[in-house]
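Next, two complexes with subunit A in common: one pairs it with subunit B, the other with subunit C.
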Partner chain A sequence: MAAPKTRWRARPETSGRVTGWPARRHRLALGTLAVLVAAVVLVPLFARLDQQLVDLPSSGLAPSWAHPFGTDEVGRDVLLRSIYGLRVSLLVGLTAAVAGVLIGGLVGLAAGTAGGGVDRLLMRIVDGFNALPHLLFGIFIVALFSPSAIAVIVSVAVTHWTTAARIVRSEVLSLRGRPFVDAAISGGSSRARIVRRHFLPNLAPHLLLAAVLMIPHAIWHETALSFLGLGLPAHLASLGNMINDGQRSLLAGDWWSSLFPGLLILLPTLAISALAQHLRDRSSPRHRSESAL
Partner chain B sequence: MLEATDITVTFGRHRVLDRAAVTVSPGEVVGLAGPSGCGKSTLARVLALLLRPSGGRVVLDGQPVHRWRHRAPRRTAVGLIFQQPRLAVDPRFTLLDVITEPLRANRRPLTRAHELAEELGLTPELHSRRPHEVSDGQLQRACVARALALEPRYLICDEMTTMLDASTQAHLVARIEAYRERTGAGVLAVSHDIELLERWSGGNVRELAPTLPIKEAAPATGERSSA
Partner chain C sequence: MTWVRIVAWRAVMAAPLLLAVTFAMFALAKASPFDPVRQYLGDRAMTTGPEIAARIRANWGLDRPLVEQYVTWLGNLVTGDLGESRSLRLPVTQVIGERLGWTLLVVGCALALMLVIGLVGGTLAAWRRDSWPDRLITGTAFAVEAAPVFWVGLLAIWVFAVKLGWLPAGGLTDAASATVTLPDLLRHLVLPVVVLAFSQSSWLLLFVRESVVGVLREDFVLGARARGLRSRTALVRHALRSALLPFITIMGARVPELVTGAILVEAVFSWPGVAGTTIKAALAVDFPLLAALTLLATVAVVLGNLLADLAYTVADPRVRVLGVG
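Here is the complex of A and B:
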């Protein structure tokens, strides 16, 4: 029998200690996020937004010192509304991501731990959810409610928990076969104790990564639903609503009332994605053992 | 008595154990030898009630075993020291966590963990280290302490010292011997190192013959695929 051929090659420098642009990129992402979060938290303390206020005389003003992002077709300051909109988007995105990962995590944990028929049934349900076109399904769910943040959160969580379920299940299946789980069983640990002491701590990094990866996605869904008029109530400042409103004034040449909210969707989603990538690189075993030295 | 008879284990179409048998009495050391891949670790897992065999029976102190793994109420009566300490501890646990975990799971006083750690030569500064921060020998000491924590009536040492140096090997064997003399536990020492087994068990060594692959099980064709 021929010995298996071992090929040695230099590992690409993408994992492990990262230098140059990728390292700076995650700092840039962190900085961007910090600025955005600070704005979202601090600005509302000093400048309250009256969601219903209309100021027709100053409608459609181009960006200036008084209104850095301009004003919209009914004279509202685009900067202030964008910040309030971003606040809603981040909150909805975060909550939906956490809810989705919790649902998926529980389903994946149940499937992986119980195995057998329970596993097959749960995975069949996951397949079923995945087979549905998820934007349409999401629209169907929000349509059941009146427009509200809760409806959007439910819609995004219900359409996106399956990824987390798959990740957690496969991770549990691999953990289950490890000798240290045998050792725990031999030491008298119950199933619940093994889940608590071994599975959950070892799953935590994966859950965190899944949640972080889901936030930008959830933000896009929130804006898409609001843009379609199905998400948040139309008078509320949300990025999706603003772009929806802005597209009308776009024809009149007012580019600012949709461009700036659009940028504010792009910026945090890109930053969070970069951060998620950094998290993933960092949790690779090679980096862990390197940083442990 | 821990008694296994006619143990057959198959993984898929691959038969790993074919009517294997081994018996360990309290207070006795039995050596189990055999070439690599012949199923020693598999038999050890069956004896520790961690693997349900496809055939055969295990009798623990006169009671036939019907339930395995989590469902086996008497599984803590058999302690198992695993072949590879690296894989046998949760990478997130400290060495002290490793030793206290079975005590916590069974609501026993945790002071025992410190005594065991000291007995096995784990100095206090090692207690808070994680597996990747200690040597194989130090990790295996923690694994031995863990296996002794619940005072099992039978102890299975699966290649406990194969990857360790001679002095660590002598120390660990001496610890287990002391435990056996104090509690009257039965010990099954598994190794491919017949000399060690002969010395440890006083000549009480059983050979586990390798099983032939099912298809080639017929006449004596010398080739054997287990490597």
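Here is the complex of A and C:
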């Protein structure tokens, strides 16, 4: 380790103290996520959404007490549809993130454990995937395999596993050099046992962080594909579909049916990245103290 | 010469990548349940005999093995023939040729604007760290980073086209005009360029801020300040110069995101470029066009990385003189 950074390096005009906002930010993020998740879980229990409902007399109503988010071009309540849409987006995002981290984790583990030619080949493949514009690849997959939730999940998972693979590989490489692994090897442990008993528990926090960080990406991807008409079936309430519907009535002055679904993409994304930032700072004290300088 | 070596090395690296990507496209198309002959026939599929369908299939070469189809496509590609777009009924090269310029125009302008926003905003935020302008700039950047670009585009249309009526909502020219005139084009260009630049500049801004904050702590900046240089001089002449080096590489690495942004922005603003055409090709499952556009995007990514490497040799005297990275 290098010598600890001394305080005089700090520029005089910075206070060097973590101010209230960053310290409280993760609580706000947790609160936001809790409210959103509660809405997504509880609201469908009390208010059923008829996906096919058309109620033309109350179409295009501006936000009011009866319809806090207004109604869309065929008279559907934007608030209720947004909550159902968020539920779909979160489910698709979560599934895709878990699938992506599983693929990436396996590849990273294989590359890091095997080393040599296998490692080089796998990392070349990772580079190759990184060179592809993700959305374009997703469009390609969804176009050829009819739009559906499964196609969206697959297209997100196969384009987003590379980060997890890199993280796991570098972590395995650093674990390989630790004394307790040497001890396990000289104690006669098999490779499978070392992976199971020593690598996986140490990798778990990194995998969790990678999965959490991937959820906003996956949500973004799902909404973008749906927005382009290449995601979930068009009648289904999903945030991307709703913004796509809102695009049509926007020129008539109806801003609410695209604004609110977009806000529901923005909020969880911001909350999750603030939370991930917090987790990263906590897991690395060096990073925390440096960012406090 | 350093740059010759870099170009050669990049070309060697790019060839297998491009081959893998294009082959994967063909494998996916083969595995897909979609049948282009049925699509071509449409309603006539009911009345067309199987032998005629088989003849079309043979004519298009769809009955041949995957590798053979792929090799034929590669061979045609080398001679500049990308096949015919099934949805537009035009040669793919013509489709791309007509639209590539419009995409390059938007992306080029957006890139320039995004550099300005990112550099100025990021440096200001780093210089006055933890002040209220920093909070404002950084907060906005985080929000923009989290906001989907198509949604930002729609909000911009609502504010500037619907409410204020300052700018047109989309397209290349006014619907009434038959020719493209410069003032008309510029008016239509503003919103797509600003939205694309804005959405892409947030990560750049945060990166520049982080980088400059780090460099401001280095000894040579402290030294410059200690010698009595003004803080602005130390910032611009000393800190910024070395803070920008990693930034060149990261610019090159962000080309995929730029392509993604261009696709969405062109879709929102009905801009007649290649990126927006990708969506039309995908919706129509127009494989020849989609394959060519995917290849084009991958080439753009490879070129981006190459340009970043070349720019590095110019910017970093260590690489320029010693040839080390």
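Here is the rule we use: the second predicted complex is superposed on the first by the 265 of 293 C-alpha atoms of A that agree within 3 Å, B and C clash if a C-alpha of one lies under 4 Å from a C-alpha of the other, contacts with A are read in each partner's own complex, and residues count from 1 in each chain.
Here is the rule we use: a residue touches a chain if its C-beta (ideal position, glycine included) is under 8 Å from a C-beta of that chain, and two chains touch if they have at least 3 such contacts.
Worth saying up front: this structure is predicted, and the values here are computed from it rather than measured.
Residue contacts after overlaying the shared chain place A:114 against neither subunit B nor subunit C. Once the two structures are overlaid, the count of subunit A residues touched is higher for C than for its counterpart among subunit B and subunit C. In the overlay built on the shared chain, the residue A:136 is in contact with subunit C alone; subunit B does not reach it.
In the superposed model, A:273 lies in contact with subunit C only, and not with subunit B. When the shared chain is aligned, no partner comes close enough to touch A:173: not subunit B, not subunit C.
When the two structures are aligned on the shared chain, A:191 is found in touch with subunit B, with no touch to subunit C. In the superposition on chain A, A:230 makes contact with subunit C only, while subunit B stays out of contact range. By the touch rule above, subunit B contacts subunit A in their complex via residues 45, 48-50, 69-70, 75-76, 78-80, 82, 84, 87-92, 101-102, 105-106, 132-133, 143, 146, 149-150.
Those residues of subunit C that touch subunit A in the shared complex are 16-17, 20-21, 25, 28-29, 31-34, 129-130, 135, 142-143, 145-148, 150-151, 154-155, 157-158, 161-162, 169, 216-217, 222, 255-257, 259-260, 263-264, 267-268, 278-279, 281-283, 285, 287, 290, 293-294, 297-298, 301-302, 305.
Considering their complex, residues 9-11, 14-15, 19, 21, 124, 127-128, 130-137, 139-146, 216, 220, 223-224, 227-230, 243, 246-247, 250-251, 253, 255, 258-259, 262, 265-266, 269-270, 273, 293 of subunit A touch subunit C. Note for the complex: subunit A touches subunit B at residues 178-180, 182-191, 193, 197-198, 201-202, 289, 292.
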